[in-house]
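Worksheet: one structure, shown below.
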Amino acid sequence: MIEVAVLGATGTVGQRFIQLLEKHPWFRVAEVAASERSVGRAYAEACHWLLATPMPEPIAQLTVKPLDAEFHAPVIMSALPSEVALTLEPELAKRGHLVSSNTSAHRLAEDVPLLLPEINAEHVQLVSAQRRKRGYSGALVTMSNCTTVPVAVALAPLRPFGIQQVQVVSLQAISGSGYPGVASFDIFDNILPYIQGEEEKVEREPLKILGALTEDQIVPLRATLSASCNRVPVLDGHTVVVSVKFERKPSLEAIREAWQAFQPHPLAQNLPSLPESVLIYNEGADRPQPRLDRDNGHGMATTIGRLRACNVLDVKFVALSHNTVRGAAGGAILNAELLIAQGFAQHLRLPSAQHGRA
Amino acid sequence: MIEVAVLGATGTVGQRFIQLLEKHPWFRVAEVAASERSVGRAYAEACHWLLATPMPEPIAQLTVKPLDAEFHAPVIMSALPSEVALTLEPELAKRGHLVSSNTSAHRLAEDVPLLLPEINAEHVQLVSAQRRKRGYSGALVTMSNCTTVPVAVALAPLRPFGIQQVQVVSLQAISGSGYPGVASFDIFDNILPYIQGEEEKVEREPLKILGALTEDQIVPLRATLSASCNRVPVLDGHTVVVSVKFERKPSLEAIREAWQAFQPHPLAQNLPSLPESVLIYNEGADRPQPRLDRDNGHGMATTIGRLRACNVLDVKFVALSHNTVRGAAGGAILNAELLIAQGFAQHLRLPSAQHGRA
Amino acid sequence: MIEVAVLGATGTVGQRFIQLLEKHPWFRVAEVAASERSVGRAYAEACHWLLATPMPEPIAQLTVKPLDAEFHAPVIMSALPSEVALTLEPELAKRGHLVSSNTSAHRLAEDVPLLLPEINAEHVQLVSAQRRKRGYSGALVTMSNCTTVPVAVALAPLRPFGIQQVQVVSLQAISGSGYPGVASFDIFDNILPYIQGEEEKVEREPLKILGALTEDQIVPLRATLSASCNRVPVLDGHTVVVSVKFERKPSLEAIREAWQAFQPHPLAQNLPSLPESVLIYNEGADRPQPRLDRDNGHGMATTIGRLRACNVLDVKFVALSHNTVRGAAGGAILNAELLIAQGFAQHLRLPSAQHGRA
Amino acid sequence: MIEVAVLGATGTVGQRFIQLLEKHPWFRVAEVAASERSVGRAYAEACHWLLATPMPEPIAQLTVKPLDAEFHAPVIMSALPSEVALTLEPELAKRGHLVSSNTSAHRLAEDVPLLLPEINAEHVQLVSAQRRKRGYSGALVTMSNCTTVPVAVALAPLRPFGIQQVQVVSLQAISGSGYPGVASFDIFDNILPYIQGEEEKVEREPLKILGALTEDQIVPLRATLSASCNRVPVLDGHTVVVSVKFERKPSLEAIREAWQAFQPHPLAQNLPSLPESVLIYNEGADRPQPRLDRDNGHGMATTIGRLRACNVLDVKFVALSHNTVRGAAGGAILNAELLIAQGFAQHLRLPSAQHGRA
C-alpha cells in the first residue's frame, strides 16, 4: 500500500478524500494535516464530520499535523485553500512528493497538467518537463474546477466535429461552497445567480483539458466558452446546460454515437477509480437529474441527456457530474493513480520512499 | 365596480386571481366557475386554498358555477386548462364577454393580442380586427407563458439595438406546475431539466409580444430564440439566464441606460395593477434572487441584474419575474384593465352590461 | 434461490423491494404485479423508477402481471394498497404462499404476527396458530408502520424497567407519503402537522410488537402511547422525539447500557438483512440526523441519541430509522427471511414449490 | 415621533427592527449601532440586507455608531449578543434610556419584566421596582425567546384550568439561528435535533411570563415544562407540538372556547403593533402550517390547531408563531409601545429628552 497524506483534511473535500480512500486498493491515508486550530488534536476531534458514512476508524485516531510538517507519505492529496497551495504545493513537489491537488492555484500553469484522465491522461507526461524545468523530484498535478468536469467530459468526444463556441449555464450544488459555505438563509427557497471566480474557471479550464500535448506544453483547444454560474438548493451534483456550435455541424445522431462510442483514454483504463462507464447518455426525456444521476459510477461518471437542436448555436444538451466526488476528491485520487501507473513514483527521494514504489 | 367571473377558480392561478382582485379598485369577483367536481359547492369547500393570505370572505360563500354557465359578469378571467379554453373562450367572447385569458390555447392566433401592456399595450387594438373578423361583441386577449415575461420585459428596451439571437436558460419555480403539480419526491434536492411544452412557448411568444402592430396583425420580431427550461426547488419566481446578440452591438453602459430609461407604454401607464417600476436593474453582484426580488412591485416588476459581456453572443444577464403574479393572474388582470381603459367594454351586449361601463 | 413475487411493484415501496432484492443471497424476484394500468407492460415501461440506483436489468424486462394472477413464486412481498390487501393477502396465504406484507390491513389481527425480528422474532410462531385456525398452507406476516420502527426498537431494550407512558412526536420524511404523495407546493418551506391515520397506528402497533407471545396470541405491552405525527421537508428517514415514564425509573446510565448491550433476538441473528448493529446509540450532542444516520446499517439500523432527563415523564431521547428501508421494504424482506429460516417454507403446496425449499 | 436607536442593527433581528419600524406610527429609527467592523460605515454598506422588502431609504444613509456611543434616542431596541447585552443594557437604562431588549441576558432577572403584552402587560409595572432598586431613570424590559411565544400564548387562556405539566417539541425555522446561522449543508434534507441553550429557555420563560405580579416581583406559574427543540428546513415560523396536563381537566370544547374568547390584556389593546387577533384557532385538520400561518396578523398572531385528547397527558395541540416578527423584533417593539403607553417615557433625563415625551 502506498501511503498518502491528506492536506486540508478537515474540510469537505478533505473528508471526501478520507471517505473515498477508506477501501482503496493502492492507497492508505497515513497522515492528515490541517490549519492551525486543528493541529495536535485527534482527527476525530478536530473534524466536524459531515458525510453520511462513518469516519473511518484508523483515521479518527490520527493526530492532525501542521501544514508545514515533514510528510513521510510519498503521495499528497491537497484540498488546501488556494492561497496556501500557491507556495506549499510546489515546495512539497520539490521535496519529492507526488502532489495531486484539488486547488485552483496551479491549474493553468504551463507545466502543470490539468488532468481528467478519462479524457487527457497523456497530459501527465508534462510532468517530465515540469521536473526538468522546476527541478522537482516529485510532481504536481491538478484536478479541475468541479463545474468544468461535466463540460469537458461531454465535449471531449465531440472534438472531431470542431468545437467552436460553447455556452454553459450551471446549476451548482451547495456542497460546492465548502463548509460552512453558503448560509441556509441565503439559498433556501432561492437561487444565487453568482459564484465568485467560477465563471472565469469554467471558461478557461476546459480549453486546457481538451488541448493537445506537445513536447513541453499544452496547446489549448481553440474554442470560445461563455459561462453563467448559479447556486441552487441541491445538496450534491452540478448540472450544466450546454449549447455548442461546431465547424462541421454533426447530426444529433452522430453526436449521440460519439458519446456512446466514447472510451476512456487507454492510459486511464485500468485505474481503480475509473468507473465502468465514464460517460452515460440517458435517453430519458427529463434526465440527467442530480439526485438520481450524481452517484452513477460511484459518483465518478458524467451523465448526459436531452440532446436536441439549438436555434442559436447548433445543439444543446444537459450534463451532470458529482461535484465533490468526480469534481473534487475522486478526481484528484484518479490523478494520483495515473501518476503511479505511469511510473512517476520511481526514485522518489523521501524518507518513506520505500512505500512509494508501486 | 365591474363584475368579474373567474374560470378555473379553484386552481393555483384561479386562487391568485381571487387574491389579487380582493381589493381591486375597478373589479369585483362576482362569479366563480370550475370543473364538474366543484360545481354547486360553496367556493370555501370546493377549493383547497393554498395561499398565505386568507380566502376573501365574500368569495368563500360564492357557489361554484359550471364552466358552461351563463355568466353575468362582463369581464372573465380565465385560468382554464388549454383544451377547455380552446372552444370555451371564443364562445364567451362571442357572447359579449371581455375574456382575459391566462391559457396558451389562443396566444399565437393571428387576431388575438398577446399582451404585456408595459411593453406592447398598442397590440390591444387588434381586438377591433378580431371583432370584425370573428363577429365578437366581446373580446379575447391573452397573457403570455410565465417564463416569457422576464425574457420579453428585459428585451423590450433593447429592440433599438437590433436583437438577433437570444439564448435563454430558465430556472423555474414549482408553483408554475400548478397543484398538486410536481411531486415533492421529484423536485426535492433535485433539478428537473425538462418541462413539457415550455421551451416551444418561450421560443415563440416573445417574438409576437415584441412584434409590430400593423392594421390587422402583428409582425413578429425577427430574431431567433433558443430556450432550455428547468424546474428548480424554489417556491415562486422564475429566473432566466439570457445571452443576446445584436445587429448593432451596444456597450454595456448603453444597455443599462436603456433599462433605466425604460418607461411603460403610455397606454398602460395609469392601469391600477402597473407597479411604480416595471423593470428594475439591481446593481448587486448576486441579484436578482427569487426569494428577495420576486415580490418587487407587489410581484408585478421584473428585476434584472448581472449584465456583462458574453464570449459567445454579445452580452448576458439574469432576469426574474414572479410567475404566478406577473406571469399569470396579475398579468391577466392588467390585460383586462387595459381593455377597460381602452374602451372595449362599451356596448357590451350582456345581461349585466350596465356593470361593464367603466 | 427462492423466487419472489412483488405485489404493488411499481410504487415506491415496490421499487425498494426490487432494489433491495437485487443482490439478495436467498431471494430472486421472478414476478411483478401491479394495478390494471400497468398489467401486460414491461416493468421498465410501466414503472416510473424513482430510486438513485438503476433499475435492475432482469426486472426491467419482466411483464407486469395482474394482482389476481396465479403466482408461481412461493414468497410474496406485498406493497398493496390496504383495501386490496384486505382480501388478496389472505387469499394468497390460503393458496400456499408465504406472504410478507407491508400493508396495514392485517397488522392488528389476532393471529397475524407483526414482526420486527430483531425484537420479537419469536412472534413468528403465531403462524402455526394462524395455519391451524385459517387453514392456510402458506402464511401471512406483517411489517409495521414506518414510524413505529424507531419507537419500538428504542423501547424494546427498556422493557425490563417497566414502560408505562410514552409520548411520541414524529418528524416524517416525504418518501413516506408514496408517489406522487405530498405535493411539493404543500411541503416546501413548510411543516404539515397531520398525517391521516398515522397517529392511531403509532399508538397501537408498538404495544403488539413489544408484547408477549402466549400459545395462540400476543399479549400487548401494557403501556400508554400518545403520538403527534408531522410531515417535514426531508427526503428519507423518520425522526421521533420520545419521552418515557417507567414503573421503575432507571438512571440515564442504565438506559444507555441497556441500549448498548442490546442484542438482536437469537432467531434473527443470522438473517441476511439484519445489519451488524440494529441499534446504535450516537453520543453526539446533535444526533441522530436523518441525512447522516438514515443509511446506518444499509438503512436497517435504528439510531438513537440525546438521552436526557424529562421534567414531565422520566427520560427523553431522539430516535431515527430509514422509513422506506427498515420501515417498509427492508423490514418485510427481513420478515420473509425469518419465515424461511424458521422452516415455514416446508411443504408449500405450490406449482413452483420446488423453489420454496430453502 | 419618538426616536429609536437600534443596537445590533446589521444582524437578522436588527434588520427586522428596521423593516417593522419603517412605517411605525410612533417610532422613527434615528440611530443604528453595531459591532466594530461596521462602525463608521453607511448602514447600506455595513449591512448585508437579507429581507425581501427593500432597505428603507433614510436608514440606508445612517452612519453606524459604535455600541458604546452616547445615544440621543430615548428608546433603544436591542438585538445585541447576550454577552454584550449583559453589561451594556443596564448601563443604557441607567443613563435614562427605555431599553426594549430581545436578548436572553436579563430575561430571568427578578426585577426585569419578561413581556408578551397580550398576556401579561401588567408585568410592566415591575419597572417601578426596577427603577427604585437599580436607580434607573430609564428602564429595561425584555422579550422572550422565540419558541417561548407560541407556548405561552397558547397556554395563557388555559390558566384557569390549572396547568400542571407541559411537554413541548419544537420544529424551529432556520431564521432563528441568525446569519449566517445554520450552514445549508447541515440543514438541507435534514433535521437538527439540538439547539444550544434553547430547551432551558423554553422550560423556564413561559413560567415567568404566565406568572403573577406581586408588588416587587413575579411569582412564576407553578407548572413543569419539558422541551425538545429541533431545527427544521423551514425559513420562518416556529411550530410547537404541545401536550398539557391540568389540575381540573377541561373538555376539548372548554379549551377551544377559552381560546376563542381570549382577549388581549386591557393595557395592550391599543398598542399599534397588536394585531386584530393575537390568537387564532384554525379548525383545519392540518393547521397551523408555517408557510400558510406565520404571517397571520402581520406576523404578530399565534395560530393554534389540532386540539385533541392526549393518551398520556390530558390534551395536545399544535401552535405556531413567526419567530423573527412576533418572536423577536415585533415583540420587542410591542414591549416598547407598552412602556410608552404606560407613561414610562416621562421625565427621561436624556440629551434628546424632548423627543421622548409621547
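By written order: A, B, C and D. Residues from 1 in each chain.
The rule is simple: a contact is a pair of C-beta atoms (placed from the backbone, for glycine too) under 8 Å apart; a residue touches a chain by one contact, two chains touch by 3 or more.
Protein identities per chain, from UniProt: A, B, C, D = aspartate-semialdehyde dehydrogenase.
Bear in mind that the values here come from a model prediction, so they are computed numbers and not experimental data.
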{"item": "Clusters that remain linked by touching, chain B excluded", "value": "one piece"}
{"item": "From chain B, the most remote chain by mean C-alpha position", "value": "C"}
{"item": "Approximate Å spacing (C-alpha centroids) for the pair chain A, chain B", "value": "44"}
{"item": "Chain B and chain C, separation of their C-alpha mean positions in angstrom", "value": "48"}
{"item": "Where chain B and chain D are represented by their mean Cα positions, the distance between them in whole Å", "value": "41"}
{"item": "Chain A, residues touching no fewer than two other chains", "value": "50, 188-189, 233, 235, 291-292"}
{"item": "Chain A to chain C touching residues, read off their complex", "value": "50-54, 188-189, 291-296"}
{"item": "Residue ranges of chain B touching chain C (in the complex, touch as defined)", "value": "12, 50, 174-175, 177, 179-189, 233, 235"}
{"item": "Touching residues (chain side chain A, partner chain B) in the complex", "value": "165-167, 169, 171, 188-194, 203, 224-226, 228, 230, 232-235, 239, 241, 243, 245, 285-292, 305-306, 310-313, 316, 318"}
